[in-house]
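After this come two complexes, each holding subunit A, first together with subunit B and then together with subunit C.
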Partner chain A sequence: MLIPVAFGVTLIVFFMIHLIPGDPARTILGIHATPQRIAILHREWGLNRPLISQYLLFLDRILHGNLGPSLYYGVPATTIILQRLPATLWLIVYATVIAVLISVPLAMIAASRKDGVRDHVVRVVPLFGLGMPPFWLGILLIYAFSITLKLFPVSGYGSGFFGHLHAMFLPALTVAIALSPVVIRSLRASMLNVLGAEYITTARSKGVPGHRLFLRHVLRNAVIPAVTVLGINIGFLIGGTVIIENVFAIPGIGQLMLNSIFERDFPVVQGVTLVFAVMVVLLNLGADIAYATLDPRVRFER
Partner chain B sequence: MIHRSTAVKALIGVAALLVVAACGSSGSSSSSSSSSGGSSGAPVKGGNLTFAAVQDAQSMNATTVFDNNSIWIFEQIYQTLYTVTNDGKGVKPLLATSYTMSSDKKTYTFTLRKGVKFSNGQPMTSADVKFSIDQNRKATQGWAYLDSAISSVDAPSPDTVVIHLKFPWAPLLADLSIFANGIVPNNYGGETENQFYQHPIGTGPFKWDYWHKGSALKLVRNPLYWEKGKPYLDSVTWTDVPNDNTRLLQLKGGQAQVDQTPAWSTVASLKSTPNVNMFLFPSTQTNYLAFNENVKPFQDVHVRRAISLAINRNALVKAVLFGNGKPANSLFPPQVPYYQKATPGLQFNMTQAKQEMAKSSVPHGFTTTILIPSGNSDYLTISTIMQSELKPLGIKVKIQQLDPNTANTNFQNQKYDMSLTLWTMDIPDPDELATFAVDPKSGAKSFFTSYNNPAVVKATHQAETTTVPAQRQTLYNTVQTGAANDAFMAFLYYSPYPYATTSNVHGFFVTPLGNMHMEDVWLSKP
Partner chain C sequence: MSALSFPEHPETVLLPVEHAAPRARRRWYRQPALMTGLVVMGIIVFLAVAAPLITSYNPNAQNLSQTLQGPSAQHLLGTDQLGRDVWTRLLYGLRLDLSIACLAVLFPFTLGVILGCVAGYFGGWTDTVIMRVVDVVFAFPFYVLIIALVFVLGPGIRSIVVAITLLGWVSYARIIRGEILVAKRQDYVTAARSGGLTSPRIMGRHVLPNVISQAIIYSMSDIVQDMLAIVTLSYFGLGVPPPTADLGSMISDGQNFISTHWQLTTFPGLAVVAVGLGLSLIGDGLADLIRPGQT
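Right, the complex of A and B next:
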């Protein structure tokens, strides 16, 4: 699955980025561009060759683990992408963890008293998170927690494990606030579904205490559809980190992608797209595995 | 029934995470509540300055790079024989201490400063100077054109350098002051050019530490720097913070000490913010409206003059710069030598604009397009204002926004009707701008307008080879007056360089050409 998807994505992106007007040589040269200088750079970068032969060169390089040189920075694209990847991975994982930590208890609270006050509050309030533009929310959080309360650094990535944990909290929170409403709702719905099932009534009548009832029976069954929802949303997230990275000055690959498109840094654009494609496929794979782990029926069906 | 205590326990878990994260690492949110105007007495040695920049640098190769963010960083590493004075109008000795000129004006002999070392301990000699200038002359895609008058460079003795010219060349010292002629070790110290520029070495106040691309670039003090007592700072870190709001918040939160180009709309409030200094350094930046004379009716001088007369420059300064600038009256900015204050650059005058239109080839108006890069809110504001200002003349303007790379390409290929553009000087001499802007044979085709006034072109060429200042002034007056009367571009406004710093930063100064001497900067104790 991984290989045809990755291949297809790179094919589309390669041709798209090369066919839009614009020229990396002009980015570098700016107002000092002359036809001679542009020609020299094109020859250096192989951009004067036919598109097909450029694509074949690209494929050949990939098979040897080389993504080509960054036209803007002049160092291998792989180096730059690998330098910037960890920041985005941190953001995504951290945001997912926070989203789960927020969503599960809130969904439980909502489902425990269906149509009660708590249920309505939990269903409505997170919608604000869905509606607020992330860049605005991000700036607000920075203003409140970094400037006024001075609890967190204003932006950036930090250094060291605890440095990252500290610096990335606000950006991850911003993302989680946007992610949670959907997860809460789907988790709540599936919990209500499960609560009405016969095996729950059976377990209660057997005298299973609330604690174990919840963990063993309700959550495990309810979480399965929510995992799928979460997986799909994280997939969208991977492409959507650009804004958060911009606001919080996080040196991630979302920003790298955006800048590289503007600069027409072809090898980096192609490289980052490949990375995105691989991440999304791996994520779906991960969701499938989680599914199988949680639901033995799926396991035994195979 | 779901046990409520489980839910509560989970919520406590989230709260715990919050607390852990908050107490996590050492607070980098150091308080910036230093008493304002504290001690501006003797400079204090030590400290790290964080400079929040609009974008990352591109490369440290001084001979090929045009990107300002790279230039302003590597200017702290490499130095030149002469450097720009603080008013931007002249040069003063730096790595050279004096020079003599032959009577035919084609040979310059420079005496090098004694006791200068590279940051790796090796002494700087004329061999390094010859190598560096020759490297720039050879750079096929960079700044070589500024050295095009040089025929050869000799190093007859370790502290003498001789430059032979093909013809008398007035801008030589100014050309030598450009960073592309910065002095690096002979033969790149044995490395290849590419290897060298990954961790370059120079004679400047700071030396290489690291560059995490897209994140931060750090330089540390060069302990072997020749100017005694400097630099004061232990290190300078440039961080990549593209969002205007974030840079501002970093400044207020104490995470950065310098905010590069805060948004114009925030300048007024920054001026009245305690603990912040809001600087508006005079710059050589000039904004223009270019007319493509290959497209009708812009070959008609009356049309160009009419449009230029219909533009209310004060309105633009107010709307875009929030008042922090002034209308332009000349192709040259005031900070450039030989700027003519009395240049008759056209200013807002609707009556005269209508008169020009009546005299033109299209008295009833016409439809045209203005090309701008997308995502540039300043340019969009200017274009919208112009749209309404040109309506009374019967000129209907369509605004065409293209992605920046495409817009730039089209502009340079002259695929446009009108377009907004700007210039900042790279050398303290008008020659570079003059040749770029008014000479149709210069490769830039008169700033991509195809403007051709033979008298103006002739004056530009003569001013290059005359070394007498009074004569150059007369010639450049001809150029400026001619360009203004022909209105080949509408000169819009001059704007300063906005920088905001925390009040404990002292000695921070930006020349009109954009150079910063970070060796003069020091931080007072909070």
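Right, the complex of A and C next:
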């Protein structure tokens, strides 16, 4: 399952270069194109060889961790990407934690009294979030909390653990707010599903108090679908970090990707695309493993 | 991102659950979510379509003697840094972005429904190949691949539509395939087949009308996603080229003046939020209408 997907991913990233109209080397170099430079790129990518041999060359390169030379920075693209990766990983983890902290209590509030006032509020508010452009929310948060209230830095990454925690709060919050509508809705639905189960009726009838029932029986069983929902939306979460990194000027690979697009630094764009896809595949695998650990039934089925 | 609101529990969503809901609950005009959504979208579409009638300004006409003015009777939302009327640009921007989004949904919808039908109905190696491709496309974060594609295809509206088509079909294919796998086992398909009908006819006339509703519901949130993508790419200067009025470039222009003229950034974003709200409500309402008791 994982291996064909990984091959497919490399195939798509490989073919990106052939979507470029005209001679890719000439188009990418643009005004900097000289015969020597074009020749270097042609050799690097093996553009004069047959397609299959080009692909094998590409596979061989990336398996050795070589994503090609960065045309703008003049060092291997892999070096730059590895340098920028920690900030992105920080943002992803931070945003996930905040998203869970927002979504779980709200979903519990909604599910605890279906069709009550609180339930309706929790169901309607996320609808406003579904169409909210994350970059726009980021700008407004910067204006409110960084410029007006001066609580957080306008941009950047901070230094040290607590520095990161402080400087990246607004960006992580923005990504989390963009992510939470979907998570809240699915979580609420799965909690309602659990509440309808027979073991809840059993627990109720033997007099388990409400809060304990929720924490011990409902939340535990609703966590599994929540992991799935987060797993499905990993692509969305990572896509959100690309945009937010650029709004908050966080030196991660999302910012690197957009800068490289403006510098027409194709190897870096290609490398970042590959790294992001690998990240999604690995995180999905992680979600599957977490799923199997949390729910013994899954293990027995497979 | 295209995986948004994807049914995380296929088994609970796909099985047709018939609740003993009163018949009246299923009438479309009794659905509060659907009605609110239709009213919101009705207003938005009216404003977008009738933009030339509502405002007499040209969205691109500059008036350098009246830059960055506050809201007034002449300029409902004031003017921007080039003296252009913000309300006019908002209406025209909404018109452009919404129409690109609706257009951009048509192609992936069609492609995804066809490939989903083929995969689900014929099964075997066709199914394996199509679903493997779906898995691969799902492995890329939507924004990453769309930015990369727009980069290699060259910035602009055409590239955005092509990129959305190449990426967007996978969700429809997955939804339709899942629905068809369930529908295939239903008695009416067996009856049609034993009646000697051809596969294309069974698919087109009998199965498709029964399974397409889920794809239509999903397309509502998909339009929102596509509109967000267009606005985001335009914000970064990879979408609608200036000076054409577009919500994304309006936000990016206004960002420079946010401390003094917050309305320049805020209103274009609110317009996108309103579209998202309207279409999500319609999607929810439709889902409730077709499968009551699920939400």
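Here is the rule we go by: the second predicted complex is superposed on the first by the 250 of 302 C-alpha atoms of A that agree within 3 Å, B and C clash if a C-alpha of one lies under 4 Å from a C-alpha of the other, contacts with A are read in each partner's own complex, and residues count from 1 in each chain.
As a convention for this text, contacts are C-beta pairs under 8 Å (C-beta built on N, C-alpha and C of every residue); 3 or more make two chains touch, one makes a residue touch a chain.
Computed from a prediction, not measured in an experiment: that's the story for all the values here.
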| item | value |
| --- | --- |
| First, second, both or neither for A:I147, with subunit B first and subunit C second | both |
| Partner chain(s) touched by A:I139 [first = subunit B, second = subunit C, both, neither] | both |
| Partner chain(s) touched by A:F128 [first = subunit B, second = subunit C, both, neither] | second |
| Subunit A residues touched by each partner, larger count belonging to subunit B or subunit C | B |
| Contacts of A:P251 with subunit B and subunit C, given as first, second, both or neither | first |
| First, second, both or neither for A:V182, with subunit B first and subunit C second | second |
| Subunit B versus subunit C as contact partner of A:L41, first or second or both or neither | first |
| Which superposed partner A:V242 touches (first subunit B, second subunit C, both, neither) | second |
| First, second, both or neither for A:P21, with subunit B first and subunit C second | both |
| Footprint overlap on subunit A, where subunit B in one structure and subunit C in the other make contact | 20-21, 135, 139, 143, 147, 246 |
| Subunit A contact footprint on subunit B (complex, rising order) | 1-8, 10-11, 13-14, 17-18, 20-22, 24-25, 27-29, 31, 55-56, 58-59, 61, 65-67, 140-141, 194, 198, 212-215, 239-243, 245-246, 249-250, 252-253, 255, 403-406, 408-410, 412, 421, 423, 443-444 |
| Of all residues in subunit A, those that touch subunit B in their complex | 20-23, 26-34, 36-37, 40-41, 72-75, 80, 83-84, 87, 98, 101-102, 104-105, 108-109, 111-112, 135, 139, 142-143, 146-147, 150-158, 160, 162-163, 165-167, 169, 191, 195, 204, 209-211, 213-215, 218, 246-249, 251, 255-256, 259, 262-264 |
| Contact footprint of subunit C on subunit A as seen in their complex | 1, 4-5, 8-9, 11-12, 16-17, 19-21, 127-128, 130-137, 139-140, 143, 147, 182, 185-186, 189-190, 193, 225, 228-229, 232-240, 242-243, 246, 257-258, 261, 269-270, 272-273, 276-277, 280-281, 284 |
| Touching residues on subunit C, where the partner in the complex is subunit A | 1-6, 8-9, 12, 132-133, 135-145, 147-149, 151-154, 221, 224, 227-228, 231-232, 235-236, 238, 248, 251, 255, 258-259, 262, 265-266, 268-269, 272-277, 279-281, 284, 295 |
